[in-house]
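As written, the chain order gives the labels A, B, C and D, with residue 1 at the start of each chain.
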Amino acid sequence: MYWQKNDLVLLISPDGKRFLVKVEERKFSTHHGDIDLGSLCKIKPGEVVKTHKGVSFFTLKPTLYDFIHHLKRHTQIIYPKELGYILMRMGIAPGAKVLECGAGSGALTMTLAWWVRPHGKVFSYEREERFAKVCLENLRKVGLSEWVELKVKDLEEGFDERNADAVFLDVREPWRYLEQAWKALKGGCMLGMLVPTTNQISEILKRIEPMPFIEVEVMEILLRRFKPVAERLRPFDRMVAHTGYLIFARKVWTRTNAPKDNPSCS
Amino acid sequence: MYWQKNDLVLLISPDGKRFLVKVEERKFSTHHGDIDLGSLCKIKPGEVVKTHKGVSFFTLKPTLYDFIHHLKRHTQIIYPKELGYILMRMGIAPGAKVLECGAGSGALTMTLAWWVRPHGKVFSYEREERFAKVCLENLRKVGLSEWVELKVKDLEEGFDERNADAVFLDVREPWRYLEQAWKALKGGCMLGMLVPTTNQISEILKRIEPMPFIEVEVMEILLRRFKPVAERLRPFDRMVAHTGYLIFARKVWTRTNAPKDNPSCS
Amino acid sequence: MYWQKNDLVLLISPDGKRFLVKVEERKFSTHHGDIDLGSLCKIKPGEVVKTHKGVSFFTLKPTLYDFIHHLKRHTQIIYPKELGYILMRMGIAPGAKVLECGAGSGALTMTLAWWVRPHGKVFSYEREERFAKVCLENLRKVGLSEWVELKVKDLEEGFDERNADAVFLDVREPWRYLEQAWKALKGGCMLGMLVPTTNQISEILKRIEPMPFIEVEVMEILLRRFKPVAERLRPFDRMVAHTGYLIFARKVWTRTNAPKDNPSCS
Amino acid sequence: MYWQKNDLVLLISPDGKRFLVKVEERKFSTHHGDIDLGSLCKIKPGEVVKTHKGVSFFTLKPTLYDFIHHLKRHTQIIYPKELGYILMRMGIAPGAKVLECGAGSGALTMTLAWWVRPHGKVFSYEREERFAKVCLENLRKVGLSEWVELKVKDLEEGFDERNADAVFLDVREPWRYLEQAWKALKGGCMLGMLVPTTNQISEILKRIEPMPFIEVEVMEILLRRFKPVAERLRPFDRMVAHTGYLIFARKVWTRTNAPKDNPSCS
C-alpha cells in the first residue's frame, strides 16, 4: 500500500521537473527544498510528499520509459519509440537469450533485461570500458543487472554465445559483424540494427544481400506529440525529426529458395 | 535443434506469402502445393521445407509481430508501432496485473499476455460476444490464453479488479470510463487510450482535466518503410498515414499540488 | 551585370548570418564591420563584398523565400511550404484578382502580390491597424505594394469586391466569413483557409457542409531538412512539426447535383 | 459571366470523377451519358451541366493543380507540393528566364510557364523525343506553349542560354550537369534538383562541395490529407510517403570567403 524501502520513485515537482529517487534514509535536495526520502514509507504511490519548505511533489511509480529517460548518458541512446518496436518485432520474450553490441549507455540493454525476466539473459558487448561502466551503473540503479552479462570486448572475435533468440547491433559499422551475428543466431531468428545515416543503410544492404538472411526491412519511426488542450488541439510546434533507421533481417541456412545450389554460409 | 511438435512456424513462400502454421500431423495446402506439417520435425528452424510439387518454403520462428500480423480480425487492431510504445510507456512488466477494455480481436491482449508472463495476468473486457470469441481463439492459437481472463461484459459497472499496474481503454467513448479506470488503477500508475479521431482526443482532454490524473500526453506514431535496395535507397511510395492517437495519463490521489484544498476522487 | 541602385541584396556573412539590404548610399553595420552599400554597384551578384575590417560577405539575389524569411513579424506567418501549395492549388495566376483576410505581417500578401504581377491585384483585409502598418511596410520594402490594396477593416460587412479568382482566410474564426467569401468568389473558383487547431477544422467543416461549396479538402504539409553531408546523410535532429492545417473548397451555385431541389445560396 | 469558347473546364461527376475539357462544338462521352461541350456557353462557371441522360456534372474553373493532375504522363512527374516549394524558393517570378532539364511529361515546365508569364521564358531540355512530344502536347492543351522553348537535346554540351534566373535539373544523374548549370546561371541565383534516392543526394553533395555553390540545402516534403468529416476528424488511412528529395544551391563566383585564394570556376 505504502512506498517500500528501496522502491524507485518518480518525483514530479510543481513546475514539472522529474527526479528518479530511491526510498532510503537520506535527504534529497531540490530547488524547492529538501525531501526526506525515508518519509516516503508513510505515503502511498500517487500521493504527494512535501519538502521542508512545504512544496508538494507527486510520487509516481516509474515505468521502463522513465528509467530510460533518466539514465546517465555518455552516448546517443536508442529511444522508446524504437525500443518498443524492437520488442515487438524481434522475437524477444520472457526467458529469451538476447545478444547486443554495443551497450552504450544501456537504454536497449535495460529494455531487453526488463523483458527477458525472470528466466532469460542479455549478453551485452561494449568495447569502451567507460561506456560499459556507465551502462552497468545504470542497470544496477534500476535493479536489472542480474539479467545482463556485460562484456568489455570488441566484437571482432565474434560473440561467445550461440543459439541466440535475437541479436541487435548498435555500432558504427554493423556490416563488419554480420557474419558474427549470423553465427550467433538460432535459425529462423532475427537480427536488428540501428544506424543514423542513409550511407550506413546502403552499406548494410550491400553486404547482407549475398548472405543467408531474408526478409530484410528498413524503416524509420516518427513520434509527434500534441499539446493536450481540449479546445485548441494541435501538435507541438517542434518535434524530434530523426533518431535513427531500423534494419531487420532473418537468419536462414541458405540464401535462396533453391538450397542445393546455394552452399550454406560458413 | 529441429522443429518440435506443436511449435508455431512462419512459412514464407518464394513469392513472399506468409503463413502461420503449427507442427502437427496434417497437410497444409498452398498455391505452390501441399506441405506435410508433420515433416517439419525433420528440419531445423531457418531451413526450407518443400511442397509435394517441390517448391521450397522458408521455415522461420514467428515473433510476436508475426502473431499479430496473422491474427484473425473482426475489428480494427492496434498496430505494432503503437503496441511497442505502450509497452515501454505504461509500466507493464513480467508479473504485472494489467486491465484492458475492449479486447477487440486481441492484438493488445496478446501483446500484454506475452509480456506479463510468467506470473502476471491480463484482465480483458469485451462487451461483444463475437469479438470475445475471436479474441480467445487468437490467444489459444498462439498459446497465450493462460495469461488472460477475458470477460464478456460492458464496462458500465466498472472493472472488477483493483490495484492494476496499468489500464488501457480501446473503446469508442473512453471518456465514459475514466472514473472506472481511475478506481481500478494503483496510485501513481498509468492509464492509456487509443482513439482514431481528433474529436475523441478533445473529449477525453475535456473530461480528464478536472480529474486526479496528471501528466496527460497525446501523440501519434508514424512508421515509414524503405525499399531495401543498396544503390537506390528510398522510402516506399506509400505508407500507412494514420492508425490512431495515443493518450496517456497518471493516476494521483488529488488533482493539484495543494492536497488539502482538493478532495480526493471517489 | 553589376548590382544596380535600389536592388535588394541578400548578404551572407562567413558565419552564415543573413541580411536583406538595398543598394544605396549608406553604411550597413554588422558584427564583422561596416559595409558600404553604395559600393555594391562595383561588384556583380554572387561576388563578395568586404567590410571595413576586410571580412567577406556573399552578395546573393534574394528570392521570394528570402523576402518572407526577412519580413518584420508581429504575427505568426504562413510558411513557404504552405504558401507554395496555395499558389499551385487555388487558381492564382498572373493577372488574377485575389482576396485575403487577414493580412497579418504579410507573408501571403507578399506572395500573392509577387505572382499576380504585372496586371493582377490583391485585396487584403486586416482589422488591426498596427498589423496593417507592418504589412504595408514589408510590402514597400520589397517593392510589391503597388499590387496590393490593403484595407484596415473588419470582414463582418463582407468583402467590397466581387468575382474574385481566389479568396483566402487566415483568421481565428474563418467559419464566420464563409458566406462573405462565397459572395466574393467567381463561380467554380476556390476558397482557402489556414487554421492551427483541429477544433477549428471541425468547426469549418460543420459550417461549410450545407453551403454551396464542393470538393472540401483538409491537409497538412511537413518539411524535413537533411544535413547536407555526402558521407553521413541524415535528417536534422529536429524539425518544425506543425504550422497549420490547410482547407480548400470550391464555390458552386447549388449545393447538390440536383439543382432544382436546392435553392442557390444568398 | 458564362463559359466562353475555348475555355478549359473541370467537370466533376456525381461520383467524383474529374475531367478536363474545352468549350467547343463536340460531344464528350462519360459513363453517365454524353455532354454537349458547346452548350457550356449557356451556363456559368460553378453551375452544373447535364448529360443526355440527365446526370448533372459540376463545371469548375481548373487551376494549375488541375492541369498537372490531368496531364498525360509518360514519366514520373514532380508533384504540386514540391512544385509550389520550388516556386517560392528559387527566384522564379513574372518575367524570369528559367532553364530546366529534363522536361519529362512537363509538370514543372507547365508550372514555370504559368508563372513567368507574360514576359518571361522557360527553356526546357529533354533528350527523349517521345517525352518532348508529350510535354509539348500537354503545354498546348492548356495554352502555355508560347512561354516555353522546348529543345530535344542532351545536356552534355550544356545549356545554350546564359544569365538564367533559375536552373532546375530533374534528371537521373544531375551531378553530371552541375558545371553546365553553373555556367548558365546568373551570379547569386539558384540551382534546384529533385532526385528519388538517398544515393543520388550523396553523389550530388560530393560533387557540388568543391564547386562555387553555397547554401546547399536538402529536404523532403510530406503532405497528409484528412477526411473532411467534422465529427470524426482524422487523417486518411494511407498517404504518399515519398516522391523525391529537393536539393538547392546558390551560384557564387568563388567557393570560399577568401576570394583571392580561390580561383573562380570556369
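The definition used in the following text is that a contact is a pair of C-beta atoms (placed from the backbone, for glycine too) under 8 Å apart; a residue touches a chain by one contact, two chains touch by 3 or more.
Just so we're clear, the structure is a prediction, and the values are computed from it rather than from any experiment.
Asker: From chain A, how many touching-chain steps at minimum until you land on chain D?
Answerer: The fewest steps needed to get from chain A to chain D is 1.
Asker: What are the mutual neighbours of chain A and chain B in this structure?
Answerer: Expected: C, D.
Asker: Weigh C-D against A-C on C-beta contact pairs and write down the one with more.
Answerer: Looking at contacts between chains, C-D has the larger number.
Asker: Just give me the whole-number Å value for how far the CA centre of chain A lies from that of chain C.
Answerer: 44
Asker: What is the distance, in whole Å, between the centres of chain C and chain D, each centre taken as the mean of its C-alpha atoms?
Answerer: Chain centroid spacing, chain C to chain D, equals 20 Å.
Asker: Note the residues in chain A that touch 2 or more other chains, in rising order.
Answerer: 198-199, 201-202, 224-225, 231, 233
Asker: Which residues of chain A touch chain C in their complex?
Answerer: Those residues of chain A that touch chain C are 196-199, 224-225, 231-242.
Asker: For the complex, which residues does chain B have touching chain C?
Answerer: The contact residues of chain B facing chain C are 198-199, 201-202.
Asker: Give the list of chain D residues in touch with chain C in this complex.
Answerer: 10, 12, 14, 44-48, 55-56, 58-61, 63-65, 68, 80-81, 83-95, 111, 114-115, 117-119, 165, 186-190, 198, 201-203, 205-206, 209, 214-231, 233, 245, 250-254, 257-259
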